[in-house]
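One structure is given below, encoded as structure tokens.
Just so it is clear, A, B, C and D label the chains in written order, and each chain counts residues from 1 on its own.
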Amino acid sequence: MRKEMAVILSQTKIASGIYSMWIKTELAKEAGAGQFIAVYTKSDAMLLPRPISICEVDKAGGAIRIVYRIAGAGTAEFSGYTEGDTVSILGILGNGYDIDGISGGGNPSEKALILGGGIGIPPMLELVKEWTAINRECYSVLGYRDELFLDKEFEAYGSVYIATEDGSAGTKGNVLDAVRENHLRADVIFACGPMPMLRAVKQYSEQEGIRAYISLEERMACGVGACLGCVCKTTKKDSHSNVNNARICTDGPVFLAEEVDI
Amino acid sequence: MSEINTKVTIAGVELKNPVMTASGTFGSGMEYGQFVDLNKIGAVVTKGVSNVPWEGNPTPRVAEVYGGMLNAIGLQNPGVDVLCERDLPFLQRYDTRVVVNVCGKTTEDYVEVVERLGDEPVDLLEINVSCPNVKEGAIAFGQRAEALYEITKAVKAKAKQPIIMKLSPNVTDITEMAKAAEAAGADAVSLINTITGMKIDIHRRTFALANKTGGLSGPAIKPVAVRMVYQAAHAVKIPVIGMGGIASAADAIEFILAGASAVAVGAMNFHNPYTTEEIVQGIEAYMRKYGVTDLCELVGVVE
Amino acid sequence: MSEINTKVTIAGVELKNPVMTASGTFGSGMEYGQFVDLNKIGAVVTKGVSNVPWEGNPTPRVAEVYGGMLNAIGLQNPGVDVLCERDLPFLQRYDTRVVVNVCGKTTEDYVEVVERLGDEPVDLLEINVSCPNVKEGAIAFGQRAEALYEITKAVKAKAKQPIIMKLSPNVTDITEMAKAAEAAGADAVSLINTITGMKIDIHRRTFALANKTGGLSGPAIKPVAVRMVYQAAHAVKIPVIGMGGIASAADAIEFILAGASAVAVGAMNFHNPYTTEEIVQGIEAYMRKYGVTDLCELVGVVE
Amino acid sequence: MRKEMAVILSQTKIASGIYSMWIKTELAKEAGAGQFIAVYTKSDAMLLPRPISICEVDKAGGAIRIVYRIAGAGTAEFSGYTEGDTVSILGILGNGYDIDGISGGGNPSEKALILGGGIGIPPMLELVKEWTAINRECYSVLGYRDELFLDKEFEAYGSVYIATEDGSAGTKGNVLDAVRENHLRADVIFACGPMPMLRAVKQYSEQEGIRAYISLEERMACGVGACLGCVCKTTKKDSHSNVNNARICTDGPVFLAEEVDI
């Protein structure tokens, strides 16, 4: 884990307000699905780094892809970078998805339901890659407000279902509406997206008795577990905090749904 | 040229250099131990610890502001027992001083923690009477000179290690507080803790922090911190530990020239995890450049 | 969509919009009148004026700090007679409200200025009891509730115009000060004045300001200012005028949501001379975006 | 007077730590010798503009030249700009040298002694240009620590004398030592440089009974006369302040030596 200067290999706008960036970094070696990096702005007014999930890793090429939405001044700054620019990043952060351990290891018949909502979709791309790389199957269910992005890239890794809030593509509604409409069943669920979606996923997984891993978000300061800024409520007493609070940046961002109180 | 001596002594405890970590921004040293060599810094100051585990405040607990941040962690901590079992043994493996930051709701709480730490491998105790983010205790003790005097006396009576009283900047007259701490027997004072601030999200029309207010830290507060350190250093004879927005060796030296015998790095660890170690090197470079052989010669020379 | 109403009323005085200039940062309007149309802003607040001319402090009087600046002008001013003869006639040519900021060393000084202004074309008086840069008077009145109460009473007794008491942030409890001003009859309070700070030049080993300390202003202090405005607005019923680091319409709106009925722009005029006028436009844009027809609907809605 | 975005036409390092920059700006029309602009950094940490004197004006081309020394973070930032970059400036500021009025108007026999010390040399270049453009003569006396810069450019406008502290060129000593060594006499003096030099010039002008105009420096916040940050003591009561303080940014930076108390 370290802070380093990475070089931007490419930057593309892939939807309105949504950008895809490949950056060259030694940290790629350590990176996996579900983990994130923290990206520093160049402004002296904004001193905290922005947590951004890893969307794809190119270990051979030593590069990481991030896909982000302009949400404020920091991400707006990032969107202005072009090939050859440098950017300071801190990483690799977070626990990520423990692909091998999760489902009891290597059973090729295990099937995953991969649910991504909005800007929670990018981290799922590396996940489907890693998941299918060990010969497991998955359904990807992607939820959008209206405009689609990244959906085509998921198609190489299994069947893809779309949900849109305005009904302009796929199921009208959210990812769970699409899951139900398409009668999708799996052995394990992975989900990333807005809090209402994650709450629904947690409830769904409990009803259906399917284990679910969800990726949480919170405001962060350090990103490395030192400040206790980014906690979430846990159902059991957390081993680090000795209270019912886990640090999303280090104990997460991926949690077993049943273990968090959201 | 001759050897450079960066040693400083706080209440009889010698630090190899004046660079400490500010409580609450460095965990218990473990997290940033991945970035900096803990053997290279003067002291690690741990996150505030209470007699029993504390849950802290609801989230969001942190918010970025211009040149700094607000936090309202609310002193979440696993309690002093976990500190003794897990964190102190970890820190003992390093050649650095260990300062434990102590918080509580009542005088008894503070005293309980201090007594529990009496025989532990702790070099100094920093008594946090200035956290703006908890409803009871803490800052209530740090904003009235009499209350500060009383709690200092009570803690000092039971403490086996020297005590540093950590002062709040949210006061009319910092010299009054520093003097009260000194009069009650404090071995040192440290300042500043965060300045109470607020941020509002104008689009959602809500507070950025669940706690509404939070403590402001980072470069934004440095001029206020330097001023208060200067004032405190001129008001008392006990050592003053300075902090507030330190990001570089130049900042650290500014505090030292103003009267700080040691300094601590807080929020800027989040911006640059290597800050503490870089400051140690930068202070040495400054001393070499100006031919200063003993760091103590710099303490409080700007008057 | 329907017309947007940005009018606000402070102590019976209607301002066409809530954007004012902060005293001491806008001269008497003449200087920045080259950049902004004074007719477009709610009020011009003039530099603090005393009964007789004041020389102010030695230079350097200003220093840049991270995200802000320090100043120790020391209330240099040509005296109230020059204000009446030169500056007020100039301001009268514009369709904007005129607020005169008043300073003094003794209660009598303040009263003398206020009386002298009784029949002048002045809409509001802002009584500066919070300047940290003069030895006598000023802040001494603004850091003790009883002293603030007394001077407010004395000034109010003689003032023909409504009075705004300008509060110092260098206090333990801002609500106590706001309440003292209200209890003594103040028509409004404005805050915050600058926070006392210090900067040291580590190479020359001297203070950056001849006065050693100076007042910190600019974006660095905004979170402290928002917090104090929020606290004051919840402590008193009289209007609160908010300032401290305002650089944009978003900043101004943050203060308004926190409880400010009007806002003032200080140090950021130096960074961008067009700030005040741009904020007026930006507030209108925000109101349009969110369908707010009357600005008063926004005042203090974040609770 | 306004704040505008100017474009950098060229930047050259002309001595160690000293840079020359031409910028394209509409403000060139209003600019004259002795005036200055205030240059903004791009850092959110440094909000006050840096006052920098006008070294040359190209009215036809709409461009201004500035020559500056790296003194801290702001000027260090400026030195990194390259052709095509933009920079925010505020101007034109200050009174400047009233070339026509100064010496009673248009007498071609009036001779000026133009004294520049260190980074006070750049503004003198535009002055000698404007002075000689109306057929008046001058001696330029330039004082340096060691390394010379701009000296060759003064040669087109009359004789140039050099003083260096280390004696590596011209007279060993300061500008007044060079004046004395070369027995230079003139009807009027213009000077810009460090405070000790200006004090000496003031004294010299009084002794010799020659009128002297000196250009002062002070820390500035607004640059436009509003903040009263940049005052100097005056011998007579200043008409604006009603006390013995004049604003260097607006009443100066050029003052008649006898009118200021330095």
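Throughout what follows, contacts are C-beta pairs under 8 Å (C-beta built on N, C-alpha and C of every residue); 3 or more make two chains touch, one makes a residue touch a chain.
Just so we're clear, the structure is a prediction, and the values are computed from it rather than from any experiment.
**Student:** Tell me which chains count as touching both chain A and chain B.
**Tutor:** In this structure, the chains that contact chain B and also chain A are C, D.
**Student:** When the C-alpha atoms of chain A and chain C are each averaged to a single point, how far apart are the two points in Å?
**Tutor:** The answer is 47 Å.
**Student:** Please tell me the distance, in whole Å, between the geometric centres of chain B and chain C computed from their C-alpha atoms.
**Tutor:** Each chain's C-alpha centroid was found; their separation is 34 Å.
**Student:** Take the average of all CA coordinates in chain A, do the same for chain D, and state the distance between these two points in whole angstrom.
**Tutor:** 58
**Student:** Where does chain B touch two or more other chains at once, residue-wise?
**Tutor:** Expected reply: 66-68, 219.
**Student:** Where does chain A touch two or more other chains at once, residue-wise?
**Tutor:** 44-46
**Student:** Quick check of your reading of the touch definition: is the inter-chain graph here a line, ring, star, complete or other?
**Tutor:** The chain contacts form a complete graph, every chain touching every other.
**Student:** For chain B, which residues are in contact with chain D within the complex?
**Tutor:** For chain B paired with chain D, touching residues are 66-67, 219.
**Student:** In their shared complex, at which residues does chain C touch chain D?
**Tutor:** Residues in contact with chain D: 24-27, 31-32, 34-35, 47, 53-56, 59-64, 66-69, 71, 73, 76, 78-79, 82, 218-219, 267-274.
**Student:** Provide the residue numbers of chain B that touch chain C in the complex, in ascending order.
**Tutor:** 65-68, 70, 143-144, 170-173, 195-200, 202, 205-207, 212-213, 216, 219-224, 226-227, 230, 245, 250, 253-254, 257-258, 286, 301-302
**Student:** Show which residues of chain A lie in contact with chain D when the two form their complex.
**Tutor:** Residue positions touching the partner: 43-46.
**Student:** Okay, in this complex, where on chain A does chain B touch?
**Tutor:** 1-3, 40, 44-49, 90, 218-232, 240-245, 250
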